Amino acid sequence: MSKFVVQRLVSMIIVIFIVATLTFMLAHAIPGGPFTKEKALPEEVLKNIEERYQLDKPLIVQYLSFIGNMLKFDFGPSFRYEALTVNDIIRLGFPVSALLGLIAILLALSLGIPAGAIAALYQNMWQDNLVMIFSLIGVSIPSFILATFLMYFLGLRLDLFPPAGWGSFAQVILPSITLAAYPIAFIARIMRSSMVEVLRQDYIKVAYAKGLKSSGVIIKHAVKNAILPVITYLGPLIAAIFTGSFVVEQIFAIPGLGKYFVTSIYDRDYTVILGVTVFYCILLVFCNFIVDIIYSYIDPRIRIAKS
Amino acid sequence: MEINPKLFEPLERKEETTSKVLPSLNYWQDAWIRLKKSKLAIAGLIIIIFIGIFSFLGPVFLKSKYFETSLYNAYKSPTLEHPFGTDELGRDVLVRVMYGGRISLAVGFAASLVNLLIGVVYGGLSGYLGGKVDEIMMRIVDILYSLPVLLIVILLMVVLGPGLVNIFIALGISYWTGMARIVRGQILSLKEQEFTLAARMIGATKSQILFRHLIPNTIGPIIVTATFQIPNAIFFESFLSFIGLGVSAPMASWGVLASDGIRAIRAYPYLIFFPAIFICLTMLSFNFLGDGLRDALDPRLRR
Amino acid sequence: MKSLQKVFLGILIISSLILSGCGQKTVSLKKEVPLQKFVYNIGAEPQYLDPGKATGIPEFTVILNLFDGLVRYDTNNQIKPSIAEKWDISKDQTTYKFYLKKGVKWSNGEPVTAHDFEYSWKRALSPELGSEYAYQLWYLKNGEAYTSKKITDPNQIGVKALDDYTLEVQLESPTPYFLSLLTFTTYLPVCKNVVEKNPDWAKSKDTYISNGPFKMKDWIHNDKIIVEKNSNYWDSEAVKIDEITFTMVESGTTELAMFESGQIDFAVNIPSVELDRLKTEGKVTIEPYIGTYYYLFNTTKPPFNDKRVRKALTFAIDRKAIVENITKGGQKVALAFVPYGIQDATTDQDFRVKGGEFFTDNNVQEAKALLADAGYPGGKNFPKFKLLYNTSEAHKSIAEAIQQMWKKNLGIECELTNQEWKVYLDSRSKLQFDVARAGWIGDYPDPTTFLDMFISTSGNNDTGWKNTQYDDLILKAKGAKDDWLRMTFLHQAEEILMDEMPIIPIYFYTRPTMVKPWLKNYISSPLGYTDFKWAYIDEKLKSK
Amino acid sequence: MEEILKVTNLTTYFYTQGGIVQAVRGVDFNLKKGEALGIVGESGCGKTVTGLSIMRLISYPPGRIVDGQIEFNKVNLIQLRENNIALIRGDKISMIFQDPMSSLNPVLTIGNQLMEPLIIHKNCTTSQARKRAIELLELVRIRSGSNMLARYPHEFSGGMRQRVMIAMAISCEPEILIADEPTTSLDVTVQAQILDLLKDIKRKINTSIILITHNLAVVAGLCDRVLVFYAGKIVEEALIEDLYAKPLHPYTIGLFKAVPRLDVEKEKKLQTIHGLPPDLISPPKGCAFHPRCDYSMEICAIKEPPYFNFKEFRRVACWLYYGKRDFNS
């Protein structure tokens, strides 16, 4: 097992390095720079600013200094927000996005998995069709439409929650529901599809023959087998949700990390682009690593194949 | 019934050898018959065909063009003349939803194609080959997952400019990673099962095992994931068009109509209502069809 | 069953613990007269809160209320002395001597002196600071030379503190509107002792020192900035408001919802689709905004090198339909380039009113005639061309409308291409377009901020249009001794611009704002920011 | 021996897309305490469905028990609510299935699955259950040791898995053990060990066994009495020695002819029963076997034969025996 862990850590580091390099190249490849403005800056002023941020140095020098800093976990200053370094942006933004993400994931698992299991248990009956219809709607409505809808009708019209903003618990509810909508739907469908196949297996009939009630059969025998595809989906989902969603954070005016994945590119804020991208990549490879561990823990046959 | 000795004479044996045998069907015919049986799948198919006709043939019957503006009757709610009302430039929303259907359906199919061709094959190979190869292929997926999509899209826009084909290229680059991960996960557990060993024992080649044995067994999650990626693709297209990579205005897909419409949700809710309905309808029908397909194609369900 | 529940409960408990941690509820214990406070939405996290570096409107709004300069606009938009009690101007209008009030203090109690002003202006010009708006101070003698490192001795710059309370300023050339420039953030002072010791003073609320009506209380990045009344302010009696919260809500739809639910009291980014409803409900007031929305021609590319074609495209647009049905913000139709709201030679005259209009809106007949005259009767064999705009719904709608107008009125086909903001700016500056959308908000209330953009050497002239006669007029205006002469030169320059038509003026901006009725006496500047020094809250109206 | 199970007129149908499959068409039999009853027949004759019906493991859709009673300890199992039958399953009546490879949950340890019935029915603590599980492993002759409990199904061979299944089934010392083709998927040597094991267990915990198989040799080895099933009905019942001495029903006779015998010269071609098993969606009129029967008569195609009883536990449903013995029509 430890050989597998070491090998995986090495490949994780390589992935992070490649992502950082590719992102650096991509960011510098697109036209416009951090200080391109509608009111064009006079030559000399632009030169002074670029000197201040070492943007005047050749790309390879900038790249090497970036990699050097990255190893020290210092992603440098933001061009767009003078008062913030990239580390500040992550330190301030991530907890907010992670909190929303955590609640959304909990919602998704606690609603998606039972809904999928029930739909499979009562296949083609009203429970199944109900779950399917809801999950289809949950998937077809994108987050920016759902967010605006919730903000207006639940927030403003019915005044159940403050429409937007951050700071109180009530302001967490609408955004996390919006974030959770798609995952709930997807998990319910994947769970139903794999549960239907598991319930058809012989060992389920054996479980009933041993005297377990259907709830016992589902929880003890079926879920553990059917959960595998859901676990696979969880890895990238957690990484994506924990780093925040640009749309949800913009519409609900939440100071999270999500917005920086988009605005940093619009602003050509190279250091922030690289900082948030590398941070997301670290989170992603880490989550996938955890998923693979859980996966081999749940399905012993894979553990054999691995070691 | 009165028993009389005559009844005990031996019965001459009629030589009908076998009971009526079902006509031999090949795999696809049987799948088609079973698909026809599930009401939902047929309903799905009919809705898709209806939407197809609505989008591709509809505009022929309407006199108003999707780009014709008349600023002085902007934001008119649905009337007989404009059944879906008019948008902020006074254009007929019905004809725009029709044209929008063409793009969104094309993008939906392209996304499923990309998912099925690249995603399934990539995930299948990675899961089946396992070991070093699997590790490398999965790390490539991690890299693709992490790269900022917006950066790639802007670069594509600068290099390629607008156009529907460019959307397919954008989809092709980054849209199959989710499917690859899910298929790989399934194949990992499946390849340990006996029938793979049996297949190998009778000399099946690696690709035969993967494509004739393993992948059909993961048909369930594949179809679910593929159909679930469609709405994402539709709205990914609207994001691309918003950035300038997709279809240039005044042509607009459902995604674009919806993202423009949502801003007027309080004042003119019909602007968001019709595109959203069509997207949900497409999703429902793709899903019913998907489920029907899954049951029809799944070898285990064929008694 | 049991194990699943245990895990589930555990997660719930942890998440509720985290939640309670982040709810910063400020509980004010003492019972006192209700605080006069309100919430203003600046719409974005400021890039710089250092006056020497600030460029955007969100920054101006916050800084203007935190700082005070030599002069300040009063409630009826006239420049009044503030820290400078009085000043005398030399006959050749190049030397100003300001006499500062005594007893003016920084929020940390230290006195505000002429040395602060001298230090601040030289700092803003310094190459090391790398301020994007350094060029706003190039009116000072040797200002530009110092920033471009042609000279290195800061003492050569035309600003000097003769003693603690007198400041002498030397200009490069006479600038009649110099006083209005002094209201600009780049001309605001910073506290010399604080800033010299700590260059990062403007990065956190604890080290932020200011001398204006308010001082920094809290700064939660990306969420809100809270400023409170500055007791050390020399004119603090005039200040009625106790606390202002500046929120950073970017989405217009969200801002509107928060306004209507009471979370925001002053909103400036109203979605145009809601303007009709809000106007009927009387919630919106249209504030003046010195800015022009126009299209650029790439005059180096045929057929747009032909003046008649440019005029044809300009006349064939129905601007009234656009402002009434698309923008809906009470914008005025632009039949010239310099917008309303700028004083002509004398304060009672408006430059635009005096300059008049150069063409009539939606003049399709003349447009067709000109197009035919240029060799494309009815639009026949007119080359297909592209209309470039940057990613936004408003620009798209206007572009789609104009595309149809040209098609219907002139029979010419144009394709709309949309590019992301910085790619679009890059294409514009490299003349990689046929026709492109553009917008310009004045830096200061004077025609030159609009007209000097089109001189051949201006970095902002993205039309490739060069006209020596135009350049001479602008140069003469800059050197003109008295205002009357200066304005005549500027009018003549605009006439040439409108005759050559390298650009298509479309409409003059306005700033629809929504303000709660109980917030009174704030100054809304036509340059886009708002001064709350004299504002107050009508408690009776608020409690109703 | 007193009777512990009485099945009367058991009828189970399956509602499939192709039509209603009449898997079991009215079956009556009973089971004595400590007795080993064999149920023999071709695949698809309803023997497995009978076993599953007793265990109430027929799930709707598609299957449902449409008629009949199953009396066990004076309780009709068919009327029991789901929760109550669950108390009986695994405790009083338990079942072993055919394919050991897929009968064990691949993601749970052997120990976990083995201890489950004990924990549910006998509410033992895990330590008691663990101790009992190790004893059970020894009972089914698996090299014991607690580490075996921590192993996973895919680490065991087919034979060992079947032993685990048996251990699981007998863990609560059930009164009835239904074994559905327990040895079919195992090779012959392991088959003998399993049968030997079943005999040993029957003696030790005095459980009665219902052995469902298509293999006559297996029945001979273990069972006291045999029921021959054809097309969802019992066509012949006999004690084991009577059946082997003199099979009555033409179908049973056909079965015996199909078994290769050592005491007969080799060249003689094995006789097979020509024709195919009947289509249970529309079973043939009269005696279901008549289309394939060498002795079929007019009446066989018209009326279904009643049971002709020769003595206790000796009956046959075939018109050949009309008039030879009294019959209950």
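In order of appearance the chains are A, B, C and D, and numbering begins at 1 in each one.
The rule is simple: contacts are C-beta pairs under 8 Å (C-beta built on N, C-alpha and C of every residue); 3 or more make two chains touch, one makes a residue touch a chain.
A quick note: this is a predicted structure, and the numbers were derived from the prediction, not measured.
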Which chain's C-alpha centroid is most distant from that of chain A? D
Taking all protein C-alpha atoms shown, work out their mean, then name the chain whose own C-alpha mean is nearest to it. A
Please report how many Å separate the Cα centroid of chain B from that of chain D, as a whole number. 47
Centre-to-centre distance between chain D and chain A (centres being mean Cα positions), rounded to whole Å: 54
So, what's the distance in Å between the C-alpha centres of chain D and chain C? 89
Going by the touch rule set out above, which residues of chain B reach two or more other chains? 154, 158, 192, 263, 266
For chain A, residue numbers touching 2 or more other chains are 30-31, 148, 152, 216, 299, 301, 304
Where does chain C touch two or more other chains at once, residue-wise? 253, 420, 423
Taking the top-of-page definition of touch, could you list the pairs of chains it picks out? A-B, A-C, A-D, B-C, B-D
Sites on chain B touched by chain A in the complex: 130, 135, 138-139, 142-143, 145-148, 150-152, 154-155, 158, 177-178, 181-182, 184-186, 188-189, 192, 220-221, 224-225, 228, 231, 235, 255, 258-259, 262-263, 265-266, 272, 276, 279-280, 283-284, 287, 294, 300
Counting only contacts in the complex, chain A reaches chain D at residues 201-203, 205-214, 216, 220-221, 224-225, 298-301, 304
The chain B residues in contact with chain D across the complex are 1, 3, 6-11, 13, 17-19, 37, 192, 194, 303
Chain D residues touching chain B - in the complex, by the definition given at the top: 16-18, 101, 154, 275-276, 278-279, 290, 295-303, 319, 322
Touching chain B in the complex: which residues of chain A? 7-8, 11, 14-15, 18-19, 22-23, 26-27, 29-31, 132-133, 136-137, 139-142, 144-145, 148-149, 152, 185-186, 189-190, 193-194, 196-197, 200, 228-229, 231-233, 235-236, 239, 261-262, 265, 273, 277, 280-281, 284-285, 288, 295, 299, 301-302, 304-305
